[in-house]
Every structure is written in C-alpha cells, then in structure tokens.
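First chain A sits with chain B, and in the next complex the same chain sits with chain C.
For the complex of A and B:
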C-alpha cells in the first residue's frame, strides 16, 4: 500500500479527503502528500494536525509542495 | 513557505467580519436591500447589462464582481500564488454553474445573500439556508462515494489571465458607457430604471469594496459552501467561523443603521414559497459542492489563474440568461412559470454527474 497521496491539480476538498482516508488506512507511520497550491497546503496541514499527526512542508522547485505527515 | 496570517482561525474570522460589515454598508450606500453582496444576483445583473437577457429590472454591470476578481488577482500576484491552470472537467463545471445559478435564482440569492437576508431579518432565508445545507450534504455523499472531477494541469500564463482581463474589459466598457439618468441604455450597456438593478452604490464605492474583499478572500480562502462542507465531511469549523463572523457583523451593522426588519412576508427581493426556497438552494448547494466552491470562491480562484473556476462563472452568467429568458427565475410574486421543473432537471443532472464522474486519480 503506497504511503503517497498525489493530490496535485485536484480541487477542494479532494486533497484533504484523500489525506484523511490515507491517515485512516495507515493509523500511524509516515505519509507524503503532494499538492500544487498554497491553499491545498494550508487545508491539508490543518487536517493533518487536527488528526494529531505532525506535519512538515517541503517546497519543491517547480511550484509544488511535499507535505510529510508523521505519527509514531 | 511564508506564514499566511489570513489562513489562521483569527484571520478567517477577521475577514468574515470585514465582509459582513462592508456588505451591510453597501446596502446603506445604495445596493438593494439584503443584497449588499450577492454573487449570483450580481452576475445575473451583469448578464442583463450586456444584453444576454432582457429583464429590465436586473441590468447593471456590478463593479463588485469585477473587484472580486481583480482584488484576488492582485493578491495572487503579490504573494506568488498566480498559477495558470485548467482542464478539470470543463463542460461539467459549466453545466454545474448553469444549474447553480438557476437554483439560486429560484430562491433569489446565493449563499452570500442567504446569510445577508438572515442578517436583515428575512425568515424565508432560514428555509433557504436549510436547503443549502441539505444540498451540500448530498454533495458530501457523492464525495464519499468517490466523486472526483479530476486533475487540472498547468497552462500558459496567458490563459490564466483571460478571465481577469475580461473583467478589466467590462470595467473599461462601464467607464466608456456610464449610466445616463433616465436612460435604459448607454452605448452597448443596458441599465435598469427601476427594481434591484437600479439600486447600487457609486462605482467608486462598489469597486473599492470589491477589490478589498477580493484581496482578503484570496488570502483567507473564504468560502460559504466550504463552511458547511468541511463541517459535514471533516467536522472542521475553520471556514464556518468566517461565515458566522460575516453574519454577526452584517447583523450588527444592520441594527446600527436601521436595516433589520424581521418577518416572512414583504421581505425585499424575496418570496415566501418555502418548498422552492428550500429546493432552489438545495440545487445551488449541490452544484457548488460538486464544483468545489461557492460562487464567491469561484471568482477568487479565477484571480489565481484557475480556468476551471472561470468556466463555472461563465456557466453561472449563461445560466442567469436562461433563467430569465425561460421564465425560471423567481420574483417577489413567487417562483417563475418554469422554475420548479428547472430545479428538478438540475437535481437530476447534478446526481448524474455526481454518480458518474468517479475518475480514479491514484
């Protein structure tokens, strides 16, 4: 089962919806969520933190973002 | 990534308060009652101003809408968020825009005006709000069942500029052909001599208010549909706090300037047919949910270069033309002769798209 959510180009609420589904599947561990708008970054971050995972955002060079969600 | 203070809890609340206060003040300065800002009504007025429909009482090239797009465009440029993109189910989004508008015009207001009508004391709008929430709830069922309109892709910068440039072009037209007192036409533009289309604040106030709201809403991602969708789908209050703040500020300003008149009958630009107030907004809420944003949010997204949102907006403007040409739009006397059947057709179309657009993305 992949731990990557590719939500690039998806409109609201897909990035959050896919991230929440993935967090439910994995329950703990490391996830990577790929998005390409800042509003998606904010929304996904809010959902990740709201589910008690920790979050780190890495800016990719081409205007894309790699959001890393972790729960131990 | 820069910290975006508007995306915080207090950021969205502040933006909601500012929008609510401005909306009520726009009414004070001349906009129609309980219609300081109504994205659907104002796009309908724009459709009338350029002659797509000829309902004489709703023709005015509303500068607020132009300001929404250009204010958002400015914010997107300043903060590096302008990204030309598009290609996510364009014709479906167009049709969703058409039926969102038809539903809104059966009720007589978009989600923004629903809240402003409540803030002005219009009890019918509580029924409309219930319908809106029902429509959004149905939308979340489709999302849970796998509805996904698919990805958008990066596009040429110029394609993202097209919609902001159209808005700039409309503003130029309005400056070339300003309203002439007592005349229903100025150059190519139509104006209303009576009715809601004749009620408006001055161009300077309207465009200024639009620009400010466009700027703030782009930063805060303010969305009246997302407010309920996120609550239902994710138990998240963030966007709803913004909407509640809008309601509270509009209510307080209405009290202060004497614009609060509670009741059901005789409310301005409203009718009392509860069933169709409810179902009209159910259709609108469902269409906004499937398209991923309220009519305001769609305008703000166009400012970021989102062509899919632009197509939705064009769908709304065309939908307004059909609504008036085909007798679908309501009036204070009640629903239009073909309004009920149009809402039913719209619900069927939305259900069809919701059930069939289940593209796998992973």
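For the complex of A and C:
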C-alpha cells in the first residue's frame, strides 16, 4: 500500500479528503502528500495536525509541494 | 475612506432620479458592521439581504445591504436604536448587485461539500465533523478554518459570529446549508 497521496491538480477539498483517507488507512507511520497550491498545503497541514499527525517538513520545488507527515 | 465617499457620490449622481427597482444599498465601513446590521434589521423584520457590492464599490472582501427604499426611515431607526449606522445610503439599480448566496453541493461519498459564493465547507457525513474549509482569500479564512475544522457542525463556532469579511459571511451561508443537508 503506497504511502503517497498525489493530489496535484486537484482542488480543495480533494487533497484534504485523500489525505484524511490515507491517514485512516495507515493509522501511523509516514506519509507523503503532493500538492501544487499553497492553499492546499495549508489545508492539508491543518488536516494532518487535526488528526494528531505531525507535519515533518514541506518541500517546495517548481511550484509543487511535498508534505511529509508522520505519526508514531 | 475618501475613495468610498467619492464612489458613493458617483453612484448618487448616476441614480439621482431614483432607482428603477426601488432598492437601496446601505454602505458600511467594514464587513463586521454589515453582518451586525443585517442581524439587527432582520430581527426588526426589515426586508434586507446582504449582497456583494457593485464593481464601483468593491474593494476586496466587501458586502453591502440591499433594502427597499420605502423602508429607509425604518431601517435607519432600527440601526440607530442599536447604535449602528451606515456610512451612506445609495439608491441603486439591482442589476449592479452580485448575489453571494449561490450554493453548489458536491457529494464525495463519505464527505459532503457545500460551496457558497467563494467559500467551501466539507463535512464527514457520518460524524458531521468539519474536515475542510477553503476558498476566499480574505484575511480571516485561516482563523475560521482553525476554529472550525475538526469540530462537529453542532459544536463549531458559527462563522457569522467569528468572521469579519465577505468570506465569513459566505461561509455562514454554506454552514447553514450543510447543516440542513447533514
């Protein structure tokens, strides 16, 4: 089962919904969420934190963002 | 402020002969005042609705109150009684108004999204927990999301109470609509 959520090209709330579903599947571990808008980054970060996961890092390159989330 | 007054003067000149539709706009300095005034006027039974302003008056996250010009005195008195007052009253052709209460609903299976104007609220249908709030571009959107996301619809603060912009108002409409649907 992939730990990557590729939400590039999707508009809100879809990046958040995909992330929430993935967090439900994994319950703990590491996830990578790929988005391509700043608002999606903010919304996904809020969802991650709200579900008691931690946002480890957000990397940006060429207008695309890689959000790494963890839960132990 | 000077700009708003100049625009108001322009609008007054344009509509010096009165509105074709008997409608007027109450213009306020900021959106919080609009939201409060709407509550006051609705409580008084006045026939009012909140709209996006015409382009001449728009400066971002704005709102105006549309009312029946024949009720102007009643409206002014109701506001005055509660210590509120409009910056100005402008007779207006309703064609210039942009409605802010257009709803769009999208079903994502376990989740339901309602969009009102520029704001979207998404709720987990089973738990009624708000999973996302997005849209807008107004400065209070991050705050609204922070306060509401993760809470059940019935437990979340009301955006009309904690919001201060057009986005807050639009979110209130979406919030009311999704409450009916969930």
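We adopt the following convention: the second predicted complex is superposed on the first by the 71 of 72 C-alpha atoms of A that agree within 3 Å, B and C clash if a C-alpha of one lies under 4 Å from a C-alpha of the other, contacts with A are read in each partner's own complex, and residues count from 1 in each chain.
Just so it is clear, a residue touches a chain if its C-beta (ideal position, glycine included) is under 8 Å from a C-beta of that chain, and two chains touch if they have at least 3 such contacts.
Note that the coordinates shown come from a computational prediction; the quantities given were computed from them, not determined experimentally.
Participant: Put chain B and chain C onto chain A via the superposition and say whether they clash or fit.
Facilitator: They clash.
Participant: Could you tell me if A:54 is touching chain B, chain C, both of them or neither one (first, second, both, neither)?
Facilitator: Neither partner.
Participant: Using the superposition on chain A described above, determine whether A:46 touches chain B (first), chain C (second), both, or neither.
Facilitator: both
Participant: Where does A:36 make contact in the superposed view: on chain B (first), on chain C (second), on both, or on neither?
Facilitator: First partner only.
Participant: Just checking: does A:12 make contact with chain B only, chain C only, both, or neither of them? Give me first, second, both or neither.
Facilitator: After superposition on chain A, A:12 lies in contact with both partners, chain B and chain C.
Participant: Tell me which partner A:65 touches in the superposition: chain B (first), chain C (second), both or neither.
Facilitator: First partner only.
Participant: With both complexes superposed on chain A, which partner does A:3 reach: first (chain B), second (chain C), both or neither?
Facilitator: neither
Participant: Applying the document's definition of touch, where does A:25 land relative to chain B and chain C: first, second, both, or neither?
Facilitator: neither
Participant: Looking at chain A, does chain B or chain C touch a larger number of its residues?
Facilitator: The partner with more contacted residues on chain A is B.
Participant: Hey, which part of chain B ends up inside chain C in the overlay, 75-83, 183-191, 291-299 or 309-317?
Facilitator: Residues of chain B that run into chain C: 291-299.
Participant: Where on chain A do the contacts from chain B and from chain C line up?
Facilitator: Comparing the two interfaces on chain A, one with chain B and one with chain C, the shared residues are 12-14, 16-17, 20, 39, 42-43, 46-47, 50.
Participant: Name, in rising order, each residue of chain A that touches chain B in their complex.
Facilitator: 2, 5-14, 16-18, 20, 36-39, 41-43, 46-47, 50, 57, 59, 63, 65
Participant: Can you tell me which positions in chain C touch chain A when the two form their complex?
Facilitator: Chain C residues touching chain A: 108, 111, 113, 120, 122, 131-135, 142, 145-146, 149-150.
Participant: List the residues on chain A that touch chain C in their complex, please.
Facilitator: Contact set of chain A toward chain C: 12-14, 16-17, 20, 39, 42-43, 46-47, 50.
Participant: Which residues of chain B touch chain A once you look at their complex with the stated criterion?
Facilitator: Residues of chain B touching chain A: 1, 4, 7, 79, 81, 83, 85, 88, 143, 148-153, 221, 223, 226, 229-230, 233-234, 236, 238, 292-293, 304, 308, 361-362.
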